[in-house]
Each structure stands twice: as C-alpha cells, then as structure tokens.
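Take a look at the structures below.
Shared chain: chain A. Partners: chain B in the first complex, chain C in the second.
Presenting the complex of A and B:
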C-alpha cells in the first residue's frame, strides 16, 4: 500500500510535469525535423502529416547548394573558430592573473569585467557599425571576430579564473621544486588539469558566435559573407518562403550547436553555479 | 645552492639587488597577462559606449553627412515630445520583460526542482531539457514560425482538431495574438536558462538542512518554503536581474517573427532601436534612444539590488 502510494506520488510530482515540460521542449524541434524531410509538395497537405509519408533529403540538398547554406556554414565556422582561439588565449592569461596573483588594480579590473555584463548588446550596433565602416571592415569576418572577442572576454575570464583557482597552487610549486620552469609547470601540470575547463569555455564561446544575430546583421551587407543566423533570417523574410529548405537549413544550423552543447552541458551547470555564486 | 656562512659583503649586496630587480619584473607579470583583455574590452566595448553618448547629442545621419552637427538636447526633446512610438514601445518593453522573466522564473524553478530529483536516465534527460538554451533566437524564430504558420502550422491543426478554433489563424499577423505568440516562443528558449542556473543553486544546498527540516516534522511544501527558497534567494535575485537586462535587450525573436508588427503591437524599445539602426540612417536619434534605455536599465538595476537586499556572501 505504502509503495503504491509512493509510486502515484512520484507519477504526479515527477513524471507527469516533467513529461509535459519535455514535450513542450521537444515537439517544436520534432516538427522542424519532420518538415525538413517532407517533399515540398507535401508540406501543406491536409490533413497535416505528423511524420513524413515520402521522406526525402531534397530540402537539404536545396538548402546546402542553392540557398547558400554551405557558404553560411563556412562563414560561421571561420568566425566561430577564430573567436574561440583568441578568446581562449586572452581569457586564460587574464584568468591566470586573477587566480594566482595579488596586484594593484585587481579589484578595478574585476569591477570593469562585471560592468560589461550590464552593457546592452543592442546598444553597441550603431557605434560598431561606424567604427568598422571607418576601418573598412564592414562584411569582413575580422569585424565579427574582434567584436565577439571583446564581448566574450569578461565572462570567459571569470570562468577561467574559477577553473584555474581550482587547480591547487601546491601542484605547480611542487613541479617547480622538481626543476620545472614556470612555463613548463604550467604546460605539464596546470594545462592538463585545466583542459575540461578550457573546453567548456571554448564551447560556450563557440555557441555564442554561432548564434549571434543582431551584430552580424549590422556588420555584414554581402550575402556571401552572411553567417548562419543572418542567412536564416534573410531567407525567412523572403516573399515566397521555401519552408522545406528553411526547415532543412535550420536542422543544418542546429546540429553543431546541439552536439557541442550535449558534450559540455555538465561543465556548464558547474561553471554557471560558480559564476553566479561569484 | 648550499648555504655558506662566510659570504662576503659585496656578494650579498649584489644578490639583494638582483632580488629587487626580479621582484619588480615579477610584479609586472599579472599586468602583462591582463593587457590583451583590457585592450579588447576598452576599445571595443567601452569606447563604442562612449560614442553612443557622444552621438546622442549630435545630428548624425550617415545618408546626409553634410547636415551633421551638434544638436544639444534636441534628440532627447524630440523623443519625449513628438515621438509617437516612444511611449508605446516603452510600455511593450515593460510587458515583455515582466511576462518573460516572471514566467521563466516560475517554470524554470519547476523544471530545476524536477531535474534535481533522482530518476533513471537523469543525465540524458537533463541534457535534452536544456537543448533550447543552445539554440539561437533566429533558429527559435524559424522553429516557431513553422509551428504558428497559417497554412502548414501544426498549432492550427491541433487547435482545430480540439475544436478550439474553426479556421486557421495567422497568429503572428493579428494584433490580439502576436504578442502572446512571441512570448511563448521566447519562453521555450528562456526556461532552460533559468533551470540551468537554479539547478546549480539547488545542488549547492547542504542536504543536512532538509534532513533537519524532516526531523522537525516539516512537510515537503514547508521545507521548500523555509529551506529551498531562502537558500536560493541570492541565486534568484542575481539571475532575475541579469535576465531582466537580457530580455529588455533581446530582439532576435521579435525581429524575425513579427518585425515589431502588426501595428507595432510587438515593438519594444530595443526593437524600435534595432529597426532604426538596421533600416534607418539617423544614428544620432537612435543613439539618444539607446542612452535613454541604458539609463532605464541602470536605474532599475540599482533599485532592484537595493530593494531586494541582495547579500554578498
């Protein structure tokens, strides 16, 4: 009797509400994938097909070759990977300074990083456009790499300093007593222990660049330089929307972000907790 | 190096000097390390913000550069006296932020509490539940436009089967439904964000507190009220504040789903600014609007932290 009550209790307080929230999360994704695999003629069939009756990949071919998703993907990758590299270098250095050194101006530096979190991104699009227009970098991937790096550095510095502080200082000192130089001890002792944190920070940065829209829209006016979000948005705004290709393009854009996220989400929960707790 | 008691004075002196020099060099290291970060943040975050303030006092139109000049407070006066969109969009921003953050907090807390219990495949289900966090605003717009669409949208199909509507509705094109439709799409993406940070907070609550509450005979509801909530207080305050700022500035979904329409019913202040920046050319006026919205956020953040008695740990 007791165990039956417990089961009903668990059903009502866990499985039913969790099931409802999960269907709210998953059904829209399912519908997009479903649409992506339908032949163009079947998409508006009545009654609606809840699973593709004649599954096809023609929408993916169309999106990749004709609409330009191959180019958008290439541009997004160039911007994303370059930003990740620059951000990781800068934030590991500054994170190391925060975690390991006491220096004058440390508090001011921390305060500066915190302040940036309150700067509205939308506030920056007009001045950024003017700056990069003067530098002759409109539509250049460099404009996005620079901007994204500046935006990401404060948060990733705080993240990295947390990860570095978690590596015991004694290990580093022990390596130096055993005859390692400072750089060697960082390379052979700190770096391997830090790797999961570096990966999580990299993934976090990559997903941001992969998803950012407003700045990319403002700083790009050539179609062959569009990143994925700008390409998708342009396609959505067309007069005759090709829904099959749009859905297929979305699935293409979705896959890398979701895979990376699934890989790094555990670190993210931990890192976020640390960042929020301060 | 072995210790030798009979070191003569000059050598000691030399060593001391070397030590001082080394010490100074070591002192420079942290500054070297933070230099790239400081340079990037100052030149591409702080400098642009300074520019916004400067341009807000200028007539600055990139399509008519010969008229560019100092404008004093003209832009601000125009916004408050003759701009027909300013106050309605401010009201929409308020509606947008309050509904989004309020509902995200409630459902995010529910999701976090559910995911904090023990059950099979918890790790995998957590990952799945958090997926929308990793999805861009533009992608979420595409996904939800496929749901809402009048001709092929599944939502209409479901509602018609249930007999709630009798003909397909254009949810995003009607002034009575557009705002709600965008709100739901943004909730889809925002609930996981809250759940992630709240789950991290839940995991850091010491288990002993719950045991003590149980010993004292507290019901589940009471232990939630008197253990969980007080322990989560700081996380909730900080997350909510960051989220208010974020949602106030968030335009990706509105921009792509409705473009601020129909009849400006979904034009928030940020959407209005984005529209002016992307399609307009009067950057001075846009900058002045930006300065006002920045001021609103600043006042809000200060008041919020004061009123909520946020305690630093």
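Presenting the complex of A and C:
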C-alpha cells in the first residue's frame, strides 16, 4: 500500500511534471528538425505532417551552399573562439585578484562591474559604430571580438572570482610551502580545480557570441562577414520566408552548441554548483 | 622549470591570439588592394538591399553580375539586410556617417533620410538620363512631394498595391458575385461563410501590422485625398470613418475566424492559403505564397472596392526606390548603377521574379505582364485617371510608432468590444495631430 502510494507520488510529482517540461522544451526543436527535412511544398500542407512524408536533405544543401552558411559558420567560429580565449585569460586573472586579495575600493570595483551589465546593448550601437569606424574595423571580426570581450568580461570576472574563492587558500599555501612560486601554485593547484568553472565560463561566453544578433549586424557591412544569427535572419524576406532553409540553417547553427554542451555538461553542472555554493 | 614552462605557455597563447586577431583585421585591406591592383583602378561601390532573403538576394546578385560585365571598371558589393533591421542599420550608418554608396530605400523613409541630409538629390542626374519620361510620373512626383525640400531622392523601381485576394473557385461554386462595391464586399463576406465547414468569408489582421491594412481599407472607402489637412487636422475621425470601422470590424467572429484578433501577416495569409477564408486583403506581393499553396485557377486578385465617389483610392508611396547617399565618393558610378537597375530590362527581371509592378513604362508591353492577371489588376487601378493616391504623413517621426503602438492595439480594443469606433479613431487622430503640431513647430511649417 505504502509503496504503491509512493510510486504514484513519484509519478505525479516527478515524472509527469518532468515529462511536461521536457515536451514543452523539446517540441520547438522537434518541429524545427521536422521542417528541415521536408521539401518546400510540404511545409505548409494541411493536415500537418508530424513526420516528413518525403524526407529530403535539399534544405541543408541549399542553406550550406546557396545561402552561404559555410561562410557564416566560419565567421561565427572565429569570433566565438577568439572571444572565449581572451575572456577566459582576462577573467581568470581578474577573478583571482578579486577572490584572493583585499584592496581599497574592491567593493566599488565589484559594483562597477555589475553596473556595466545594466546598460542596454542597443544604446551602445552608434557610439560603437563610430569608434570602430575611426579604427577602420567595421566589418572586421576584430570589432566583434573586442565588443563581445568587453561585454562579457565583467560578468565572467564575477563568475570566476566565485569559483576561485571556492578553492581553499590552504592548498595554495601548502604548495608554496613545498617550494612553488605564486604562479606555479596557481598553474598546478588552482587551475586543475578550477577547470569546471573555466569550462562553464567558456561555454557561457561562447553561447553568447554564437547567438548575438544586434551588434553583429550593426558592425558588419559586408555580406561575407556576417555571423550565423545575421545570416539566419536574412532568410526571412517580407513576403517570402524560406521555412525549409531557415529550419535547416537553425539545425546547422545548433550543432556546435549541442556538441559543446554534450562535452561540457559534466563540468558545467560541477561548475555552476561551485559558483552557487560560493 | 615549472616557471619557465608556464611562462612559455602563456607567451604561446598570447602570440597565437594576437596572430589570430591580426589575421582577422588584415583581411579587408588585403581585399581592397586586390581591387585597385589592376590597371586603371576599378571603382568599388556598395549597395545595400533593405529586404534581403532567399528570394530577392539571388535576383540582385544576378543583376549585379550583369552590370559588372557591362561595366568592368565598376565593382558592386552587395550587402543584404534583414527586412526588420534594415531601417535601424541605415539609421546607425547615417548617424556614424558611414553610409553605403547607394541602397534600395522604401519611399516612406525618404522624408526622414532627407531631413538628416543623408541622401543625394537626383534631379539633375535624372533630367539628363534616358530614364527621363519612362518612370511612372505619379510615383516620382509623390517622392518629391513628401520630402521637405521637394527634391528627388529616390527612383522607384517597383510598386505595390493593396488588393483583395479571393478564392475564385469558391465564388464560382456558390454563385456569389465578385465584389466591386462595398455593399457587395460585405454581402460576399456573409455569403461565403460556412462555419460548419470551417470556412469564413473574410479575415481581419488584428495583430501586428493590422493598422496599415485597416488604414488602406478605410481610405479606399472614404475617398479622402488628405490624411492631414492644411491646418493640421486629421481626417481619421471623420464620421464616414466611424461608420466604416463600425461595419468593417463587426465582421469579426460572425464572418471571420475568431483567432483574427491576434492575426499577423503569416497567420492571415496561412488562413487563405490553407483554405479557411475566402477573401483576404493584402498586396500583390504575396502572389508567390498563394501560388505555392494553391492552383492558379483557384485564386484571383481584385481591386479594393471603389469609394463612394466612384473612384479607386490607394495609399501613395507604396514604392521602393534606389537612393544614393550623400557620403558616396563615386556618385557618377553609383548613378550609373541606379540607372541600370531602373532600365526596362532590369526592372522587368526583378519585378517578374518578385511578382510586383515595374515603374518603367517600357516594361508594360512585355509578355509576362500581359499574362499576369494580378499585375494587370494593379495596372487597372494605377492607370485609371480617376484614381486618387492619398498621402500618409511619412515625414512625421512618430508616424510609424503611432500605427504600431496606438492603432494596432486600438483595433484589438474595438474588436474585443472594449472601445467604440469613435473612441478609437479619436485617439488615432489625436496622436497624429499632436505629432503634426510638434513637427510644424520644429520646422516652422
């Protein structure tokens, strides 16, 4: 009796809500994939096709070759990877300083970092445009890398300082007693323990750069320098939305993010746990 | 030992990053050098397309390659902008003084761009051009009329017209007369409704963008030429319009699907294309979508019913043109390209693919036009000497936001019975009049 009740309880409180949440989250994804494999003529058909009746990969071929997704993807990767590298180096070092040292104005500094997050991105467009125009960097991936890095560093610094604060200071001290220098103790003791945090921060930064649309559109004046989100948005004309290619493009754009998450998932959960505990 | 290794790895990653960044930065100048390396220096001009997409981008690319073949000394770079962000992208470019050489610009943007002194007047170029006399006079004059200094800032290469798309096969099946007057329109909406079979006579766009369609229907009915009179009064809350709104929006639910109250463009068109509604008001630009879903024998374009005065009334400025930006270093080359895009051959190619109306009169005799009934319908309206083009105040900076904000939600309030037609129109008129007063004060008009 008791065990039966327990089972029902578990079903009602765990599996049913989880199942509902899951279907709610996964349905758009399923529909995108479903649409991506349908030929153009079948997409708007009624009754709706819940699985492609005439599956085809033509949408993928079209998105990749004709629409220029290969180029958009390359641009997104250059911007994403470079930003992640710079952000990780800067935020690990500044995060360390915030976590380990006491200095004058530390609180004010933290507050300032937080305040930068309150500025709406769209307000920065014209000033950014003018700055990069004067630097001759309009349409250069460098403009996006610099902007994204500047936008991401404050938050990732705070995030990293949380991770670093979680690594017991005693471990470093023990390493130093054994003869390590400060840098060596960071490199050999703190760094390995910090890996989950670094992965979490890296993934977070990468996803942001991967999805960012507004700044990428505004700072790029050349078709062959567009990033994926900008390229995707040009698939929707005023009277003509190429749903098949749009869905195929979205699936292509999802792939790196999914691979990254699959790989980083374990670290990510550890990392986030660490940050919350801090 | 450890120390040197760690330093090395930091140094290596720094150099790698620097190299990567440098590589990103260098590309552009390398590209430029390539262009000017040839003898005689080909000139590079940049063209922005304000409505890029899988349908239009290849058309522009084809035209550009034809132009470059004819003019080997001019290199055109195409940049396709997503429709929803094109205006803000151009705004930012104008603010930062980094505009392209020329662009495809919607007529309704001309007043604002010209006030900001971003565009090059094209009157002199046009006067000396072979295009002179070929481009639709009405459209050209409209472009001059709406800007403060009455100069020509855009050469329209395509025009559009709001019409009714109807299910011809259903009308024939039921023996209902295709509407030509407003009474016939209302009668058809009623006669074509068969709720038991999930069929409705008409569909109203109650969601985003509904204001534009309602405005065009309303002026088609009332026959007014002025949107705002000389003394700054709006004709919007005229009694004739109150009467119209009451009757038109009362179609909701009785003869239209219930979901109309949130209908955007896609939902509205999907209703027609999937066989739920018999009539939908849109423009001839959606021909391509209907053709994909329906047989050509199943649907047809008809003009909006004539006004009480017996003439067609259409919204002016329903065109897109080529504008040259003041910041260009190569105005002559830019004009050459603008001229090419407006030639009969280019306009014919572009408009045939997109399914809109060319403005170059030389195109009108071509076969594809003679064989496109929906284009013929649009011509019927534009060529009728009694047709009136009313002028919405595109020059008001708030024009668009009033329609998107006040009017779109106002339509929903009337449809859901929360506001009366009079209240809704008073609010709309008040907002336009206030915007006009502010504008007049600022520009001393």
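Methods note: the second predicted complex is superposed on the first by the 232 of 278 C-alpha atoms of A that agree within 3 Å, B and C clash if a C-alpha of one lies under 4 Å from a C-alpha of the other, contacts with A are read in each partner's own complex, and residues count from 1 in each chain.
FYI, a residue touches a chain if its C-beta (ideal position, glycine included) is under 8 Å from a C-beta of that chain, and two chains touch if they have at least 3 such contacts.
Predicted, not measured: the structure shown is a model, and the values here were computed from it.
Novice: Just from the overlay, do chain B and chain C fit on chain A, or is there a clash?
Specialist: clash
Novice: Looking at the overlay, does A:233 come into contact with chain B only (first), chain C only (second), both, or neither?
Specialist: In the superposition, A:233 contacts both chain B and chain C.
Novice: Which chain, chain B or chain C, is in touch with more residues of chain A?
Specialist: Residues of chain A touched, chain B against chain C: more for B.
Novice: Is A:130 touching anything from chain B or chain C once the two structures are fitted on A? First, second, both or neither.
Specialist: A:130: touches chain B and chain C.
Novice: Please work out whether A:200 is in contact with chain B alone, chain C alone, both, or neither, and reply first, second, both or neither.
Specialist: Neither partner.
Novice: One more residue to check, A:217. First (chain B), second (chain C), both or neither?
Specialist: Both partners, chain B and chain C.
Novice: A:189 contacts which: chain B (first), chain C (second), both, neither?
Specialist: neither
Novice: Where does A:160 make contact in the superposed view: on chain B (first), on chain C (second), on both, or on neither?
Specialist: A:160 sits against neither chain B nor chain C.
Novice: Just checking: does A:97 make contact with chain B only, chain C only, both, or neither of them? Give me first, second, both or neither.
Specialist: first
Novice: In the overlay, answer first, second, both or neither for which of chain B and chain C A:120 touches.
Specialist: Touch partner of A:120: chain B, not chain C.
Novice: Which partner does A:89 contact after superposing on A: first (chain B), second (chain C), both, neither?
Specialist: both
Novice: So the two structures are superposed on chain A. Out of 130-138, 274-282 or 292-300, which stretch of chain B collides with chain C?
Specialist: For chain B, the clashing option is 274-282.
Novice: For chain A, give the residues common to its interface with chain B and its interface with chain C.
Specialist: Residues 44, 89, 125-126, 129-130, 214, 217-218, 230, 233, 236-237 of chain A touch both chain B and chain C.
Novice: If you look only at chain A, which of its residues touch chain C in the complex?
Specialist: 40-41, 44, 46, 62, 66-67, 78, 82, 85-86, 89, 125-126, 129-130, 133, 136-142, 145, 180-181, 183-184, 187-188, 214, 217-218, 221-223, 230, 233-242, 245
Novice: For a test of understanding, state which residues of chain A touch chain B in their complex under the given definition.
Specialist: It is residues 14-15, 17-18, 21-22, 24-26, 28-29, 31-32, 35, 43-44, 47-48, 50, 89-91, 93-94, 96-98, 100-101, 103, 105-106, 109, 112-113, 116-131, 146-147, 149-151, 153-154, 157, 207, 210-214, 217-218, 228-230, 232-233, 236-237, 243, 246-247, 249-250, 253-254, 257-258, 260-262, 265-266, 268-270, 272-273, 276-278 of chain A that touch chain B.
Novice: Quick one: in the complex, what on chain B touches chain A?
Specialist: 27, 29-31, 33-34, 36-38, 40-41, 43-45, 47-49, 51-52, 55, 62, 107, 110-111, 114-115, 117, 119, 123, 125-139, 141-147, 149, 151-152, 154, 157, 188, 191-192, 196-197, 199-201, 203-204, 234-235, 238-239, 242, 245, 248-249, 251-252, 255-256, 259, 270, 273-274, 277-278, 283, 286-287, 290, 293-294, 297-298, 301, 312-313
Novice: Please output the residues of chain C touching chain A within their complex, sorted ascending.
Specialist: Against chain A, chain C makes touches at 2-3, 6-7, 13-14, 17, 20-21, 24-25, 27-28, 46, 51-58, 77-85, 88-89, 92-93, 95-98, 100, 266, 270, 273-275, 285-286, 288-289, 292-293.
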